[in-house]
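Take a look at these structures.
What follows is a pair of complexes built around subunit A, which joins subunit B in one and subunit C in the other.
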Partner chain A sequence: MGYVDEGFSIYDLSLWVEGLGVSLWIFVVSSIIGIFLGVSIGLIRYYRVPFIGKALMVISEFLKNSPVLVQLFLVYFGIPALFAIDMTPNQAAIITLSGNTAAFIAVIVISSIQAIDKRQLEAARSFALSEVVILKRIIFPQSLAIAMPMLVSLAINQLQVTSLISVIGVIDLTRVGDIVTQRTFEPFIVWPIIGATYFVLAKIIAIVGSRLEKKYSAYRVTT
Partner chain B sequence: MAQYLPAFVEGFWVTAEVSVISIIGSFIIGIFIAMMRVSQNKVLNTVSGIYIDLFRNIPFIVLIFFGYYGLPEIDIYLDAFWTGCLVLSVAVGAYVGETLRAGILGIDKGIIEAAKSFGFSRAKIYLKIILPIALTTSIRPLGSVFINLILTTSILSAITLNELTGASKVIASTTFRPFEVYVFLVIFYGVLTFAISGLISMWHNRLNQYNGEGT
Partner chain C sequence: MIEIKNLHKSFGDLEVLKGIDLTITPGEIVSILGGSGSGKSTMMRCINGLEGLSSGSISVDGFDVSNKKELQAVRKKCSMVFQQFDLYPHLSVLDNITLAPINVLGENKVDAKERARALLMSVELDDKANVYPAQLSGGQKQRVGICRALAMYPDYLLLDEVTSSLDPEMTAEVLVILKKLAAEGITMISVTHEIEFAREISNRIIFLDEGVILSDLPTEQFFSKDGGKAEPRIAKFLSKMGE
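Right, the complex of A and B next:
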């Protein structure tokens, strides 16, 4: 068994830390952009902005129903070829994952707004509350409570999806696993460690998520 | 572009083959996992719980690399195609198991009590009552699990399998038209999924028209 440890060095540990950092960084950045875009798309659709609303929803449907890997290839190989621009793997990763997250968020936003009792909105309008106040005080808190469980499982899912960016050359956690495996020829040690890292991250999101769910469930109106 | 059609069609067939084999494989694994998950036996219960938790929280690409580079280490030599089928079946089996578990727990206890009082054996209760009911009521969620499986097959291109995505990658690099190729591919996968989920909906409605869950 002596040879097992020979292949590994402290350098591998620093690679692991770096990969973890890159994965988390891309996950956080694309989630923030994705939430912002997704909420915008959802609201555009909800207020029935003509044409744009429908067009964005059609695009969202295709982003939800095609492999993220293909979307990554489209952004990383397709867009630079079409517009003759340069794009780094990290930029392509953030653009793709933001767009993909936005598509899922948009659908969650719409369904959770529609779950709010329409009579509340009618009542608010008859009290002459402005649309902004209605959105901020009535729609937002309640739809957030309704959307929370869906958002948590989306976050866990999107964390796993980040692993695909390794295929276009981002040095994330999965790519680090690949690099270390190629060098040490120890797939049985490397991949379980990488898998365990993702597992722990997913569990952390789940724990934080269930706290948030509890916190926001107070906004839920039970009739 | 027409001369690249055969390569694309061939890729589609590989995707179809992997998908069908893995759907069957994951379905069989999923039934066992679900039955273990609802059993009274503590060991079976815990093992299946860990199985579901593990495979639902580890990215598929990590599992496939582990399978592709790891299995030869323990003298199991499979090509990319069969590694893909194996890992997909094992991983998606966790999702199928969790979905069926929900379906089984949703069954009216009275039906099972009735079967017991008629003296049905446990095996017979499972085969003739619990599984058929759980399957009919879970068609929709199972359908979305399997649609996800089909989309996940694209990741097998990372272990050199020339399925739909792998074949398109070759076409994109030979034609120097990556944008057009990948836009077409996104639309192709999208239309494929819409078609399948439409069929699943129809099937769901037909099977559930008598138990008040239709429409």
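Right, the complex of A and C next:
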């Protein structure tokens, strides 16, 4: 009866806000965990820690080269079955996206460390600087500058990837689009709005990213 | 005192140093000459542990470079200046100079900076304290490289072909500074292709050929006809270099 085609209501706006919040929350949390894990994996690999380095690399190769949707199913259905534990869709989403992000971050970390001129590291060692100081004061700031463009495009990509989590029932922005469409039968209004929301978020990341990039790369500018 | 005993160094099958024996005492200004591939730079790099030794030993004031803990003591005593400058590109000139004094010697930031400024003043770069290396000319970079080395209060200054990547004008500006340092009495070991410079500042010249020391003579004797030049390999080298 009257429940179909009632048009948009203020309720849809609150749904949109809620979905946006969930998408952002999962994106931010999985990015933070992913950066932490990815940097750790990258460093373990860079310093050639035996065995663990190799093992982590095999895992991250799998995460980089298989569909995120498949990983999501493996986590959401596989982990509870294997370990007999309960898992909410949000938990599964955060675990999956964190691991996936970490795999890409690890590669970025390694390649941007390798891009640093090795001779200055030798110079630093010749002055008796410790490996910790070299990592903190020389390797880290320079590899961050090198990695920045890659990190920005990874972040934009991972933001879009969050839309996949709607499949396992997370009420994210995409799922909200789905819900509102089903109620209003207005896909040509709903989906452009949802799409534009992702677009604006991605643009914000790009703008902030390019500012940071400029800031960290200031030293490369010759007069 | 730097003592090198029967030093051998190989890279894979290639033996670059074939038994070097050398003692350098404080106050000496030693220049190491020799053709490319003679092992000069490798020997320098062995002295502060940038290359491991294949066999033999090196000690600096009693500290053994092959011992991991003692190596840090060696490195505090020997500061190196590099052919390609190898400054830290992301740090300002001032931070390049103060990084090791603050983090290795534990100097406080204010003192370290003050000293760095004084060093920059002595090489006429006090106006460049806050720029990045990318904004400097080669000669300026190398002068910063020298300040960075001096900031560690080294007992020995190791100079590894420090003017080889500079044009003649910039070479001159770096050599002026090194001459000044030599006159101040710092112990200096310098691998160089600047024969005139070596002749002018050093009191001892070591000629390396294919991984062995061919001659080790006081400077005057090295350049005299019945001294170093009596050795055909050295005479040929010097005549090629325009001596």
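To be clear about the criterion, the second predicted complex is superposed on the first by the 212 of 223 C-alpha atoms of A that agree within 3 Å, B and C clash if a C-alpha of one lies under 4 Å from a C-alpha of the other, contacts with A are read in each partner's own complex, and residues count from 1 in each chain.
Heads up, the rule we're going with is that contacts are C-beta pairs under 8 Å (C-beta built on N, C-alpha and C of every residue); 3 or more make two chains touch, one makes a residue touch a chain.
Quick caveat, the model's predicted, so the values are computed rather than measured.
With both structures placed on the common chain, the touch criterion links A:V107 to neither subunit B nor subunit C.
Shared-chain residue A:G78: touches subunit B; no touch with subunit C. Looking at the shared chain after the overlay, A:S66 reaches subunit B, while subunit C stays out of its contact range. By the document's definition of touching, of the two partners only subunit B reaches A:L164; subunit C does not.
In the overlay built on the shared chain, the residue A:F199 is in contact with subunit B alone; subunit C does not reach it. Comparing subunit B with subunit C, more residues of subunit A are touched by B.
Looking at the shared chain after the overlay, A:V152 reaches neither subunit B nor subunit C. Of the two partner chains, subunit B is the only one touched by A:P187; subunit C is not. On subunit A, the surface touched by subunit B in one complex and the surface touched by subunit C in the other have no residue in common.
Taken in their complex, subunit A has these residues touching subunit B: 61-63, 65-67, 69-71, 73-74, 77-79, 81-82, 156, 160-164, 166-167, 174, 177-178, 181, 187-188, 191-192, 194-195, 198-199, 202-203. Every residue of subunit B that touches subunit A in the complex is listed here, in rising order: 54, 57-63, 65-66, 69-70, 73-74, 147, 151-152, 154-155, 157-158, 165, 168-169, 172, 176-183, 185-187, 189-190, 193-194. Residues of subunit A that touch subunit C in their complex: 117, 119-120, 122-130, 133, 137-138, 141-142, 145, 218-223.
In the complex of the two chains, the subunit C residues touching subunit A come out as 48-50, 72, 75-76, 78-80, 82, 84, 86-91, 99-100, 103-104, 132-135, 148-149, 152.
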